[in-house]
Amino acid sequence: MPLLQISLRAGKPEAYRQAIFNSLYRAMREALNVPEDDQFMAITEHDAANFRYGNAYGVARSDDVVYIQITVFNTRTVEQKKALFRRIAELLGESPGVRPEDVFVNIVDAAKENWSVGHGLAQFA
Amino acid sequence: MPLLQISLRAGKPEAYRQAIFNSLYRAMREALNVPEDDQFMAITEHDAANFRYGNAYGVARSDDVVYIQITVFNTRTVEQKKALFRRIAELLGESPGVRPEDVFVNIVDAAKENWSVGHGLAQFA
Amino acid sequence: MPLLQISLRAGKPEAYRQAIFNSLYRAMREALNVPEDDQFMAITEHDAANFRYGNAYGVARSDDVVYIQITVFNTRTVEQKKALFRRIAELLGESPGVRPEDVFVNIVDAAKENWSVGHGLAQFA
């Protein structure tokens, strides 16, 4: 039940964006062990004037930067988070071929009681 | 002062999207007792290629899935959160008629000092 | 490495939106002392039917409301947050000329281990 918000520059083909979804889902399966079909993600495409990135922290980013914000249970360990970052970069590198410099990920922690995945219930509280 | 970000597939009529805002506002009034006219929400519409959902957790979702991310004071109780989830599903079910399976809600907690609702002030710090 | 999501009504000129980025970056440099070129921001523009604001908390907002959600290290002090809010409102007031009533800011705290700013690494863990 992680909820993912992905922001990138507009103009990539549909197959490219589907590959982003597929690789993120696979990374969550492997690193976080999420259940099958636990895919809750949306991509927002931005014109150049609505998208800003810098080169801070010694990373040579390009127009292909992808911002990935993942809201997830606050029970995840540091090791799980590290594994998730690593697998996301690896898999996005394989498909659709995002450069590792262009993979920017941020995790937001949310308590188990903060999720309703349908029917108005707090399934994990 | 909850801040709401709503993501859904593109193509619903304007009245449908206004009804989502109205029902979410009413649910927050009832379950969280927010002040009158405490409405701070934006909807992002996504093409099919930019929107991904799965059927994890035994919920038969459809293309009408609505992702609702609510950032709110970290002082809300579990009971308030449960009431909010319940009322959101009920009211979105009444208007515009979202199936309970398609209501996906995530709460992000933010401290009182984390809000400025105008004038550059931290009104709740 | 704050990650910023900015939502506003569609239709503002490109220079207006660039000025928002510039002022937010400058405010973060001054109030949070972020490194040079630490700019990670995206603007989402919304049609009227997809954007809702109210006048709660005695603030007379207008269609020019800007929602700014800033995810940042959870190590920031209350004083830094207050300074950030103040500088954002001041600088957006100067350029592009947003009224102080229309500046709505929310901070989301994220632990140092929750960030990967490239290469699949957790640079700050």
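Here the chain labels run A, B and C in written order, and each chain numbers its own residues starting at 1.
The rule is short, and it goes like this: contacts are C-beta pairs under 8 Å (C-beta built on N, C-alpha and C of every residue); 3 or more make two chains touch, one makes a residue touch a chain.
What you see is a predicted model; the values in this text were computed from it and never measured.
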| query | When the CA atoms of subunit A are placed over those of subunit C, what is the turn angle between 0 and 180 degrees, to the nearest 5? | reply | 120
| said: Suppose you list every residue number at the subunit B-subunit C interface; are over half of them used by both chains (same) or under half (different)? | reply: different
| note | Between subunit B and subunit C, the Cα-mean centres are separated in Å by 21
| request: Hunt down the residues of subunit C that sit against at least two other chains at once, touch-wise. | output: 5, 44, 108
| task | Sort out for me which residues of subunit B touch subunit A in the complex. | result | 5, 7, 44, 46, 49-57, 59, 61, 67, 69, 78, 81-82, 85-90, 100-109
| For subunit C, which residues are in contact with subunit A within the complex? | 1, 3, 5, 14, 17-18, 21, 25, 34-45, 71, 108, 110-111, 113-123, 125
